[in-house]
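Input: structures, listed below.
One chain, chain A, links the two complexes that follow: it is found with chain B in the first and with chain C in the second.
On to the complex of A and B.
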C-alpha cells in the first residue's frame, strides 16, 4: 500500500471519531461555559459553573468516586493476579471453560447482576442470611446499603476488566525466565518483584486503567448495593442534568471528570508498550 | 410467602425484559427506517403514516394488552420508550426529540407550566375532547385547571391516572391512624432515625421536605422557611437508612424489617404488592399539614400530543382511545401495577374492579386522601431548594 493513500483510508475513521467522539466533548465543554440553568449555547461565556464546582461541596462526590475507583482497582488487581497466574499455568484445557465462566456475566445487564447481588445480600429473607438462618440457625447482618456494599459491587462488576488484560500480561512472562531466576537463587518474592511484575506490567497497567476509569464513572453500584450511603460524582452529574435542569453545571462537572480521567490515562498509556501487546 | 411475592415482583421487573421488548420494536423501527428513503420522497403526513406511533410514556401505557387493543382498533403499530422522570423527558423534548415522539405523559404542572409555554406540545381540539372530561370524576370537570393553558384558552391534554403520593408505613409497626395524625413529623422523630428509606424521586422529595419543615411547598418561601427546609433536609437525608430510585427495594426493606416507613410513596408503590397479599405496606396521606391545612400531594397524569413537525396522523386518535373503558381498564392495571384512573366515575368501568383490587388501592379512603392533599404544582423556589437538597445528598456519608 502506498503511503500516499494512508490518510485517505484513515479518513472515514477520522470523520467518525470527529463526529461522534470529539464533537460531543466540544459541545459539553462549551455548555460548561454557559450561564447556570440555561439551555442555550449562545449565552455569555462564564466560569461560574467551575467556581461552583469547587465551592459547593462537589469535591466530596469526586473524592468518593476516586477513592472507590482506586480501592476497586487495588482489590481487583490483588484478586486477579493469582487467578490469572493459576489460569495461565495450571488450568490447562479447563482454562477456556473457567475464563468463559468469568466472562459470561459481562453479557448480562449490569443492573440485573447488581439486583441479583442485592437479593443475595439482603438481611432477613435474603439468600445468604435466609439460608444461613434456615440451615445453621446463624443470624448474620448485611453489608447492603453501606459503603462496603458499594465497594463489593464495584469489585464484582469490574473484576473481569482487570482479569483479561492481566491474563495477557502474565502470558508475556516466559517460563524459562522464571526458571533461570530460580536457578540463580532468587526466592519467590524476588522472582515476582524482579521478573514477573516487570514483564507482566503492560497487561497489569491496561487492567488498572480500564478498571479505574470504568469504576470512576460507575453509579449503579452505589445506588443499588450502597443505598446511596455516599453520593458519587456521576450521581451528582445526573442530578444536575435531570432534576436540577442545570445542563451547564452538569457539563462543567463532566469536564472535570474527563480531566481527572485524562490525567490518569495519558501518563499510564505513555508508559505502556501497546505495540508489543498487540503484536503478540 | 410474602417475600416470595415481592421477589417475584422484582423478577417481573427484570430490566432484561425491557431490551427484549425493545429489540422487537427496534426491528420494526429499523424496518420502518429502511423504508425511510422511499418515505422521504412522500409528502410529510404519508411519511409519518409509514412509521409506528411513538410514545414517550410511563410503563402502564406500554402494557402489551394495550398495544394489542390499539392494533386491533386502529390497525396501527406502536413504538414506545418508558421514561424515568418528568424533567428528563421534558429535557429530551427540549433537546430536539419533538421530531421523534407523538405522545408524552407527564405529571400535571409540566404540561401547563413548561411544555406548552416552550412549544413542546400541541393543543387538543376542544370540541372532540371536552366531552371526555364530562365522563370523569367531578374533580376533573371542565374547566379543569391542569388540562388548560394558563390563559384558559387551550386544552393541553387528557388527564388519566391520579393519586396522592406521600409516604408508606408498615402498619404492623406504626398504626395508619397514628401515621395520618402525626404526618411528616414521623421522619423527624429520633425513634425512627435509621428506620426509614427515601424513594429518590427528587422533585417529590423536595416537596415532602417542605411539608416536614412546616412550609407550603407551592408558595414563595421566606428566608426563615428556607432555613427550616435546609435543617429538615439535612436531618432527613442523613438519618435515612437507604436512598434508592427503586420502590421495590424499599418495599423489600420493609418486609425484611430493615425499615418501618419510607417517603415518597403511595398507591403507585404499594398497590401491586398489596394485591398480592402483602399486608406490611400501607399508603398514608397525612390528615393535615402546612399546605393550606393539607399535608398530602395529589398528582394527576396529563397525556399530551407532542409538537412533532411530522406528527403521526393517529396521535389524537390515541388520546381518545386511552379514555375508552377498555383501554382505561388496562391502563389502571398497566404492567402489573394498579392505579386509579379519572374514568372510574363511569359505572361500566368501576364494575370491572374486584373488591380485592379496590382494597389494594385503599379505595375506601381514596376520596379522603384526595381531600387531604393539595394538587401537585411547580415549586416556586425549586432551584434554591433543590440545590440545598442535593448539597445535603452530597454531604451524606
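On to the complex of A and C.
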C-alpha cells in the first residue's frame, strides 16, 4: 500500500521545485546562449556571452567570490571546531543555553546584523572607535570598506552554518574511541587526525559545503562592509541585468556561478550520508 | 571529562569570546538607535528614545512590517502545506523513487540564494510576471519548503506506523486515522516547521532583494538605507522589526500552549 502512496505525497513538492527551481535554471541557461543584449528567447544560439565574460574581465569578480567563499569556509571551520568540541564535551545545562544563543542571530535579518557590524567598525564615531577614544583616548583605524571588512562580515554571517552541522558531526565521535586512542599512547594531534576528524567528517563536510555555497553568492557583506574595495560576482550579475540591460551576459555569469556550485555540491553530497545526519 | 584538555577557564573564555562577537553588532544597532544626530558619533552627547517616537509615527514603518508579515504568512502556509505532504514521502512511506527524491529535495538549500533570486527575477520577467510580494513568497518558498520538509521529517523518523495499522484494525476510518493518529504525531514537527518558515522568511534579504519589485520588505528597506540616507530612525526600525518578529513567535508559542490546555 505504502509503495503506491509515496509518489503522490512527493508530487506537490516535486512540481513546485520543478517550476520554480529547475525551470529558472534552464531558462537562465537558455538565455546565456542568446545573442548579447537581446530580450528574446528565440535568437540563434551563440557562445558569445561566455567568450565575452572572460574577455571583459568578469573572471575577476568570480575569482574574488570563490576566494572569499574559500577563506570564509576555512576561517569558519577553524573557529567552529573548538567551539563544537567544547559544547559537545561539556553537555551540561549551559551548553544548551549557549547553543541556543548562537542559533538566535540566524533569525535576525542579515541586513540588521551587517548594519550593526558597520556601526561597530565605523571609523571616528563608530561604537568601537568612539568608545576607545572616549575611555582611553586611543584612536584606531578601521577595517570598514576594505576586503578584510567584507571577509569579517562573511565569517560573521556564515559561522552558524558551519557550527551546527559540525556539532552533529562531533556528536558522531564516540567518547570511548578517543579514550581508547589516548590509552594506546596517541598524542593530541594523532587523536585529532586519526579519530576525531574522520569520524566527524560527515558533519564537517556539510558545514563546509553550506558555508562555501552560501558565501559564494553573498553580496550584502561586500556591499555593506567592503565598500568599493571589492566587486563580487553577484554584484556583477546584478549590474549586467539592471543597469546594462544585458540579460544574456548576466545569464552567462549566473550559469558560471551555478557551474561552480554544482561542481562542489554534487561530489560532496554523493559521499556524505545526509540521511544519517538528519536522523540524529 | 578528560583532565588532559585545555583548562576549563580557557574553554569558557573561548565560548564567551564567540558569543561576544556574535552579539556585538546587534548591541551596536540598539546603541546607535538611542541618538538624535544624523551623524554617528559614539558615545552620544544626548541619549534619547526620539528615534523610536519618530519610527512609531512614521507610516512607512508599518507599511514595511505589513509587507514582511504578508510575505511570511504566505510562506508559512505554502511551506507547511507542501512540507507536510513532502515529509510523508520523505520519511513515512517507503517507495521506489525515495532515494532520488531525498537527494533532489536538498539541492535548493545548497544553492547560492542571491543567484536563485536573480534567476527567478529573469524567469518571472521573461514570463511577463511583474515582481511583487507574491513573487517573494515563491522565491522564499523555494528555499524554505525543503527546510520545512526536513524539519517535519525528523519528527516522522520516530513515528511508529504500527499505530495507524492498529487503528485501522480497530475499525477507524481513513479520516479518523489521519485526525486521531497521524496528525497528532506530526503536529510538533508542523509547528516547528511553521516557526522556522516564519523566521527565515521575515529575516531573508538575498532572495527578497531581487524579487520584491515595488513591495519593499523590511530587510530590503534596511539594506537600502544603510548605504544612503542614514539617521537613527534606521537602527530604531531595525530594532522594532526584530522585536515584532520575536513577539509573533512568542504569540504563536503561547497560542499553542493555550490550545493544548483546552484539549
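Here, the second predicted complex is superposed on the first by the 274 of 280 C-alpha atoms of A that agree within 3 Å, B and C clash if a C-alpha of one lies under 4 Å from a C-alpha of the other, contacts with A are read in each partner's own complex, and residues count from 1 in each chain.
Methods note: a contact is a pair of C-beta atoms (placed from the backbone, for glycine too) under 8 Å apart; a residue touches a chain by one contact, two chains touch by 3 or more.
Because the structure is a prediction, the values reported are computed rather than measured.
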* Clash-or-fit label for the pair chain B, chain C on chain A -> clash
* Asked: Is A:57 touching the first partner chain B, the second partner chain C, both, or neither of them?
  -> first
* **First, second, both or neither for A:47, with chain B first and chain C second** => neither
* Given the touch rule stated above, what does A:123 touch, chain B (first), chain C (second), both, or neither? -> first
* Asked: So, does A:109 touch the first partner chain B, the second partner chain C, both, or neither?
  -> both
* To do: Pick one for A:228: touches chain B only (first), chain C only (second), both, or neither.
  => first
* In the superposed model, does chain B or chain C contact more residues of chain A? -> C
* **Which of chain B and chain C A:244 touches, first, second, both or neither** => first
* Structure fact -> Among 59-67, 77-85 or 203-211, chain B is struck only by the chain C stretch 59-67
* Asked: Following superposition on chain A, which residues of chain A contact chain B and also contact chain C?
  -> 108-109, 111-112, 115, 118-119, 122, 124-126, 223-224, 241
* **chain B residues touching chain A - in the complex, by the definition given at the top** => 3, 7, 10, 14-16, 19, 84-85, 87-88, 91, 94, 197, 200, 202-203, 241-246, 249, 252, 255-258, 383, 386-387, 390-391, 393-397
* Touching residues (chain side chain A, partner chain C) in the complex -> 2-14, 16-17, 20-21, 23-25, 27-28, 31, 41, 79, 82-83, 86-87, 89-90, 98, 101-102, 105-120, 122, 124-127, 129-131, 134, 156, 159, 175, 178-179, 182, 188, 209-210, 213-214, 216-220, 223-224, 234, 237-238, 241, 247, 250-251, 254, 257-258, 261, 265, 269, 274-275, 278-279
* Asked: For chain C, which residues are in contact with chain A within the complex?
  -> 1-2, 4-5, 11, 14-15, 18-19, 21-29, 31-32, 39-43, 81-83, 85-86, 88-90, 92-98, 101-116, 118-123, 126, 138-139, 141-142, 145-146, 149-150, 153-154, 157, 161, 199-200, 202-206, 209-210, 218-220, 222-223, 226-227, 234-235, 238, 241-242, 245
* Mind listing the chain A positions that touch chain B in their complex? => 37, 39, 56-58, 60-61, 64, 108-109, 111-112, 115, 118-119, 122-126, 145, 147, 223-224, 227-231, 235-236, 239-246
